[in-house]
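Multiple structures are listed underneath, in structure tokens.
What follows is subunit A paired twice: with subunit B in the first complex and subunit C in the second.
Showing the complex of A and B:
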């Protein structure tokens, strides 16, 4: 089924890591070479311990292992999926991604405690419950999972293993998918009024009103043309982490885009509503409204994050808006005009949260 | 036996501070702290986000347990 193809790609996405043991923990000469590991995007770094430990066990100083990682000195928050960490901290993707592993000296002042797989599982299940609460108003479905289902769910996620098993167990949770205007009749969409996405559709798929989202925002004040020039995040203080659900508003004749979602989540940066979305060609109306070359230029400027200030758009207020310099989900930079429902249904993580990394260029205060 | 405590905290604080406060109040080294009797938010979460998502009536209600309840 075509719909599953994207989900499968996401599930199988992985980051090649080159993991170096911190020099303070190397007790042998020569020092061990780095470990080369392929880490699932939807997984978590501490789960890699069994794969990493063998490379370094003979050189570690005596003591109890408490594994943690850093990237260029920044301790990595272990409860953030590996793929999200990479998208956030490595705007110019480094392959392999060079990380440092530590087995001692856990930085308890920066990182919350992690006691191995159990801590990661606890964090995962609680995130899933939180998502269930956001979607359904309660998490009974997760709490009532049978023991064997819970085990199967965790096992399927733990090594980005069995997607079929994950789908089988998670479908019982009835967390639904977001109604996708492109897979149902357009006419049935137009009968809905301006509330959240509505009721169970004819295919028996429950639509969700509120969508769990985790948004990671960092900003720059200068202009950068290339992703490789973007400064890297050096401290967690520089990242605004926003945990906020979103409700898709279905309006007649247009679809809710990824850009709409970002604007809704960050109203303070996008106070002046550009008319870009109204001007975007609809599936049917494209040739009436715009010539192909105009569309192409608009798409291009949207991807560059610059507000299109040509002709028929309102130009007076756009200079005070923030510009999206980079937006990544599952390592992809989706076009901002993609229907948000598609993004959610295909790019969410197994705990049912959609993680979005955004770099904004924020105008300087004294800009005119 | 259950008890109810009401206190104020700034929204810019992390949930970790709520957990720490309860631990000190109840003289415990660790506590499991939940929302809606069902899930335990990540300690790095901001109280303001949790309140916006899960609070009502001007309050964020948290429950605590000594053991990993509702597992």
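Showing the complex of A and C:
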């Protein structure tokens, strides 16, 4: 029941946007006021077109519409979920998030084309197929979806309001839940629970233990104490995008943590790290030292109506390696010792990828 | 070796080995054609990584189909060409100027390892002699007839523009989701003919013999038989 609550919060996650029309496309005086829109975290920016276009259409110059967005001059990749873009580009969350919308001059040399809703839908479907392949070793269940199921699945994502419909259709894809003692079944009543357990067992036999992960890594060379001091991403070349499945290795007697996951995905930095359970005492010490900021972080989280997971700035480092300065998933900063199975089962996006934004502090030597 | 070929997939290390073998073989059997070269790359540019990561690239390719279509007004009859020599370029240019005023189209190809599907993926881009990139409908005319038809029917899941994993720019991508299945079938066929089964070194030769047809990039027959 608690787990379903978390999934629901993620599904209903939203970001207040203040959308300004680019000045080069303003043909009336005074310029139109910005549009205020609450955008679903798990949605995609081009899907906001029906809400934005009527607002600005009377002031647009003649020409063919091709909608795109930028944040402080950085063109936004439309195929990345809105919530991930926000976590990545606004380490110090800005509310409302100020974006600029364009209807002309699509930057085709930087952004892949977007032909409206169809492009977004197929980008989503192709990601879902990829996730199915990672988990099951094939994407037959996605390929063999009926037309009505495909429409229902996409509508539930596009409208971002129908979690029940999404769960009903996606359960047919048999994309298994990460299995360990901390796994939670989505079914609530007993008969469904029994049936669900059966399906899970079948899926468990087939799956390879690979988890679909999309990692967005950017680095800083100077230290900082607060996210407010974090320099912002000025170019996409500064962000390393890693589309890398994660092989889960579960040792008997202990669970796989979020920290284990990051260590596995970024082996260059954590090759010499000792086991996480040996690090826990130091973590706890760090938590004690950061009590004030932790309280502030929790308060801010509660005020924003987001899930309260007691997130705080995680610091985790060795003498010569990189340091995790910030890690965000679905707008929260989970503790690194949280069971990774919980993170995956509750914080993944509808296309079954877990999107993780990570900021690393890199020693200056490596920058030369 | 056998385990990998049984399910039609490659590990990153096997991809690196197969790439090296493929580039050597291509150079040996295609001396007049541009060479495939390995481009070392890191996903994390500032990472102290020992592992060699990268992709194969083939640049400035003038596809035979493209030339023939342009110079013969859409007809593909005549002898088959497997390479574009300098002389042929001169002839084609002269013919182009006189008859149809079409520009010669150049293609860059990249073979990139895909960690999700654990198979190689073909990325490409196309441009005119002045470097201007081609639009999709212009590329469509260069493609073999069956590919152009498939592209019309299901472009979203066949060839579409995606972000190049290393260059962070839009490139055309041949979708890889069915690769492991037909590579498995191909490997089984090869294994029946060969006594010792199929080696990793031959993976990319077999792979390109299928994927290359999508874009009209041909492999010499001797290259396929050499194993």
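Note that the second predicted complex is superposed on the first by the 295 of 368 C-alpha atoms of A that agree within 3 Å, B and C clash if a C-alpha of one lies under 4 Å from a C-alpha of the other, contacts with A are read in each partner's own complex, and residues count from 1 in each chain.
Everything that follows uses one rule, which is that contacts are C-beta pairs under 8 Å (C-beta built on N, C-alpha and C of every residue); 3 or more make two chains touch, one makes a residue touch a chain.
Please read all numbers here as calculations on a predicted model, not as lab measurements.
Asker: Following superposition onto subunit A, is the placement of subunit B relative to subunit C best described as a clash or a fit?
Answerer: On the superposed model, which is not a single observed complex, subunit B and subunit C clash.
Asker: Go through the superposed model and pick first if A:219 touches only subunit B, second if only subunit C, both, or neither.
Answerer: Once the two structures are laid over each other on A, A:219 reaches subunit C alone.
Asker: Would you check which partner chain A:262 touches, where first means subunit B only, second means subunit C only, and both and neither mean what they say?
Answerer: neither
Asker: Which partner chains sit in contact with A:354 here, subunit B, subunit C, both or neither? Use first/second/both/neither.
Answerer: Neither partner.
Asker: Between subunit B and subunit C, whom does A:344 touch in the aligned arrangement: first, second, both, or neither?
Answerer: Neither subunit B nor subunit C is touched by A:344.
Asker: In the superposed arrangement, which partner chain does A:52 touch: subunit B (first), subunit C (second), both, or neither?
Answerer: Touch status of A:52: no partner.
Asker: Quick one: classify A:109 as touching subunit B (first), subunit C (second), both or neither.
Answerer: second
Asker: Going by the contact rule set out at the top, does A:15 touch subunit B (first), subunit C (second), both, or neither?
Answerer: So A:15 meets neither subunit B nor subunit C here.
Asker: Who does A:88 touch here: subunit B (first), subunit C (second), both, or neither?
Answerer: Once the two structures are laid over each other on A, A:88 reaches no partner at all.
Asker: Tell me which of subunit B and subunit C touches more residues of subunit A.
Answerer: C
Asker: After fitting the two complexes on their shared chain A, where does subunit C collide with subunit B, if the options are 8-16, 26-34 or 44-52?
Answerer: Stretch clashing with the third chain: 8-16.
Asker: Determine where on subunit A the residues touched by subunit B overlap those touched by subunit C, and list them.
Answerer: Common to the two interfaces on subunit A: residues 77, 112, 122, 125-126, 129-130, 133-134, 138-139, 241-245.
Asker: Under the touch definition given earlier, write down the residues of subunit A that touch subunit B in their complex.
Answerer: Checking each residue of subunit A against subunit B gives 77, 79, 112, 122-123, 125-127, 129-130, 133-134, 138-139, 143, 241-245.
Asker: Hey, which residues of subunit B end up touching subunit A in the complex?
Answerer: 16, 35-36, 38-46, 49-50, 52-54, 68, 70-71
Asker: Residue numbers of subunit A touching subunit C in their complex, please.
Answerer: 77, 108-113, 118, 122, 125-126, 129-130, 133-134, 137-139, 212, 217, 219, 236-237, 240-245, 266, 268-269, 362, 366-367
Asker: So in the complex, which bits of subunit C are touching subunit A?
Answerer: 7, 43-49, 115-117, 156-157, 160-163, 165, 168-170, 175, 177, 181
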